[in-house]
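These notes open a run of structures that come right after.
Common to both upcoming complexes is chain A, partnered first by chain B, then by chain C.
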Partner chain A sequence: MSEPFIRVEHVKKYFDAGNKKCVKALDDVSLEVYRGEILGIVGESGCGKSTLGRCIMRLTEITDGKIIMDGKDIFSLSKKEMKEMRRKSQMVFQNPYSSFNPKHTIGRSLTDVAKLFGMTNAEAKEDISNLLGLISLDESVLSRRPGELSGGQLQRLAIARALITKPVFILADEPVSALDVSVQAQILNLIFDLKQQFDQTMMFISHDLPVVEHICDRIVVMYLGAIMEMGSVDDIFSDTRHPYTKALIASKPRSSPDEPVPEVELKGDLPNAMEMPEGCRFHTRCPHCIPGKCDAAAPLLKEVSPGHFCACYLRQKEKTSESLPVQNGFEVKDIRKKETTL
Partner chain B sequence: MNNKKEKKLGKLFTPSVIISLAVLVIILVCVCFADLLAQYDPNALDIGNMLKGPSAEHWLGTDKTGRDIFSRLLFGGRTSLLGALGVVGISIVIGVPIGLFSGYHGGKLDSILMRICDVIVSFPALLLAFVFVAAFGRGLFNAILALGIIYIPMLAKLTRSLVLVEKNKTYVEAAKSISFSDTRILFTQILPNCISTMMVELTLDLGYAILDLASMSFLGLGVQPPTSDWGAMLEEGRIYLTTSPLCAIAPGLMIIITVIALNIFSDGIQGYLDPSQRKLPSIRSYRRLMAKLAAKKAGKAAE
Partner chain C sequence: MSELVQINHLKVDLMSISGLIHAVRDINLTISSDEIHGIVGESGCGKSMTAKSILRLHDESKVEYSGEILYDGGRDILKMNKKDLLKIRGNDISMIFQDPMTTFNPLLRIGDQISEALLIHQKISKAEAKERSVEMLEKVGILPGAARYSMYPFEMSGGQLQRASIAMSLICSPRLLIADEPTTALDVTMQAQILKLMKQLQREMHSAVLIITHNFGVIAEICDKVSVMYAGQIIESGDVRKIFSAPCHPYTKDLIDSIPRSGERATKLTSIPGAPPKLNHTINGCAYAPRCKYAAEKCCCEAPEFRTLDGGHRYLCHLAHDSLTKGGATE
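The block that comes next holds the complex of A and B.
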């Protein structure tokens, strides 16, 4: 594999919550983003996906660890070097409606970016009209303000804004979750085109598994600020190791009633991030929890097959095809059974 | 798009706003063209004609030294309005940047600045102004300066609270991720989105500034004779309230009309900018609601 563009090394991000407590939004996260790949980050709300994104963009300081982008630790860069780094890495935000200044026209928002990176008026104009062609929008949008455009248009413009600086890396933080389904497809196709045409390196944060499966090369599954499983799309979807990943995949909507019924179903909410469970952070909701082991010490992220990492005692050795013993206290719900009794 | 704009403007120009705006414009025009409109020199003494009632020569009569009240009103408006503008101007120039920086950067500097503002706000405004004037001497300029300083915290706090809301919006984050400088983000991204709300506060402040300046002049701490000023005229005319009431009533009315017009105007803008603060429901709709509730109750009781 090629050289990683971003290397996240043991990053911790704690938020002070007062009373000498802290929320561990990111707890020892390490991962790599290679050039030319789309890395998907998935997990429930509040698992630290967006915090990780904000750390990588240096929108917030980290508590501990290192983020190395293009060979340089971004938290030790000077303002000038950081500006150059920001040219190489751009971000697309979740909410397209508020990611443009409501008082400025779209044209101004876009040319401001171009000019900041030393383009002349003419160059900026040409670049922007090229980009508008790429995102298939008319030049007339340039004279509009964000309030007059639809979410889909704005998100496409946000992607265009990210592309103005010709970045090496784009971080997309749930770029489609605020849009309705018909518009989601447009944005996803646009992202897919970028990958095909420019071999764009991307990090795609999402909680939508089918989407991630569709566009990503590798996937990182996060839970409560830590990585549970990491591997290629095939590894994650056809050689699922971690019970949490399994539950996530099971929770994706089935497209027909004939599809197999999920083996496990997640119950309850995320534990309070201020009082992290001892041991494996997933053990409170895990159907395969081994008392005395899982709630004592957290399993480490270990390579189970080349490029495929998993943080679970059970799955690290055993083959996935075997079904695992279910511990007492957890009932396996079979939805179909219920339906038939009705 | 044009249609949209017209619709928006239509909502802004409600009858009350139109009337208040018209009144303000008339006052402004009269004050600006005081030289043309006044028939007399505002400071020309005419001892033979003192304390006269309204007549064809002197529309509003004359004061204790025979000066034409109408002319003095026009020129006095100049001092009052310019003074008020000065007060608000000082508070904008200093208060807005303080609010912007302390809201955006937060931290210790923010706490210190805001505590200082709290201290200033906790004193009665005029009392503090007296202290300033006592320290620096009487005079219009010092009065404006003193009031200007007292108005800073209110504007700084307002700006700060607006910045606190805006700085967490995605477009600010986007600007950061594009590596705009902090100053640039503050002045080109955040400030434009705060101005509309600040306008409401500023028009209100203008009204208060007129009142406060008038009070200071009334107490002899602001404008010094013979310069005409609404507050000072009020003070001079006060003694003759029973014999020639227009001496005091005319400047008093001008102050009231201007302040009320400013308040109504700022109310209008506020309603236009923030639909949630539109008028309270009318008494009639309230009665209708009560009638409905009563009917429901009666219906339940019948059941």
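The block that comes next holds the complex of A and C.
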């Protein structure tokens, strides 16, 4: 695989919750986004997937760690360099209705972005008309306002707006969850086109497993602010290692009533993020929890097969060597060791 | 199986700033006791409007009903007086809503809100009502019931609150439970738990369930029968296995095909071009014709009629039932 465009290194993001408590929205997360791939981030609400996205876009500051984009630490960039970085990395949000200014025409919303990044009127016009062709919309939408368009049309325009700056990387945070299934298919097909035609690098945040399975190359499964499993689509769906990933796959609704009912079922609720369970954060709901081990210390994220990482004691037996996995020159460090010193 | 609720030619018109909206356009639907019936459709297709009409929950100064909704073989809910209607609401027919966070009054204890329904509809003492509410809470998996009885809504998570709202709606052993998008606000793991619980309770209590959803997965998971709605009409209805294995209406087929399936990677999905029609004017011909790839000239001007197949499977289309599998439009 090619070099990573983004490297997230041991990122922590803690939110102060008062009473000397804090919510560990991200707790030592490390991952890479390679050029030309679509990386999917899945997990239940509250697992930190959107926070991770916001950190990568520098929409919020991080507590600890580093985010390297295109070889530069984004938190040490000057204002001018940051603007260039913003050109390279664009974002598409969940709700298309609130991502456009309702008082501006679509044309103005799009040209504003183009002008902000130094395009002339003529260049902007040409670019926009090319993009409209790509998302199969008519030029007549340019004179309309968001209220006159449907959710699907607006979401396609939001993607077009993100493409105006010719970004290297697009972060899509739940881009289809506010849409109906028929419209969802249009957006997924469009993303699929972008990948095929332009090798677009993307990070796709979603809670919907079938959607992620459909369009992503690699998948990161998160639970309560940490990575549980990470690997290629085949690794995650055909060689599932972590009990949480298994449970997540088993809980997705069947696509037809004739499909067999999966056996694994997840009991209970997500623990309170302010009182994180000791040991493996999943042990309170895990059907395979080993008392005395899983509730004592958290398992490390280890490589179980090339490029496939899993943080679970049970699934790592095959791996005899105790060494920490090394990928692209940096270690995936022991999460717990760091925390005891905190 | 007896017919519990029979909806005949229901039309619901909504007064809005932009004029009259025909939200529900002539619906016939029968819900039998002891079955789980699903209504599925995209936003704005009138599925929630239909469900709420059964309990007449709309603001009646802005909504006009016509047709009839017969409850238990005779009484028309649409013509009932307020007193009789209140006897039915919560007692014979109850409802679960999409957002569990707004179902409960945030200032009252969960348990008291559950026993309130018992105290209104049944002649029992407060102590008895509390006892039964605690039992019900434990039945839906909120343990220990006695301690949770006195909790406030904010102390519970979304999934637990949805369980509590199921307890609240089932406390009077209703004959019909209407669930309007009961799992949309929840995570998949919680959705699986709630659906399993609903199915189990339905089997135990022998009540009918009408479930409203936009998610075909939910339908596949728990329904016996399903009705697909589009632009205020039911366009196909029948046994859930039949609809999934051999849909007859092009819309149903397109909708099922547009869902990403596990195992199918990096392929293009079927997407439906265009958008559903606006419902503020009359629709000539078939409402789906402008988006339908099988549409013929006839479809745009002449409204289709229901075709009926074996086992109560019916659909609203000019096409013969086997033409979708053959892949071409005949007739």
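Just so it is clear, the second predicted complex is superposed on the first by the 313 of 342 C-alpha atoms of A that agree within 3 Å, B and C clash if a C-alpha of one lies under 4 Å from a C-alpha of the other, contacts with A are read in each partner's own complex, and residues count from 1 in each chain.
Following the convention adopted for this analysis, a contact is a pair of C-beta atoms (placed from the backbone, for glycine too) under 8 Å apart; a residue touches a chain by one contact, two chains touch by 3 or more.
Not measured: the values here are computed from a predicted model.
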item	value
Which superposed partner A:K252 touches (first chain B, second chain C, both, neither)	second
Which of chain B and chain C A:T120 touches, first, second, both or neither	neither
First, second, both or neither for A:H207, with chain B first and chain C second	second
Residues of chain A touched, compared between chain B and chain C (which is higher)	C
Chain B versus chain C as contact partner of A:S305, first or second or both or neither	neither
Which of chain B and chain C A:S129 touches, first, second, both or neither	neither
Contacts of A:S150 with chain B and chain C, given as first, second, both or neither	second
First (chain B), second (chain C), both or neither touched by A:S76	neither
Partner chain in contact with A:R86 - chain B first, chain C second, else both or neither	first
Footprint of chain C on chain A - complex, ascending	44-45, 150, 152-153, 180-186, 188-189, 192, 207-211, 213-215, 233, 237, 247-259, 265-267, 269-270
Footprint of chain B on chain A - complex, ascending	57, 59, 82-83, 86-87, 90-91, 93-95, 98-104, 112-113, 116, 148, 158, 161, 165
Complex interface listing, chain B residues touching chain A	1, 4, 169-171, 173-180, 188-189, 192-193
In the complex, chain C residues that touch chain A	42-43, 157, 159-160, 187-193, 195-196, 214-218, 220-221, 223, 240-241, 244-245, 254-255, 258-272, 275
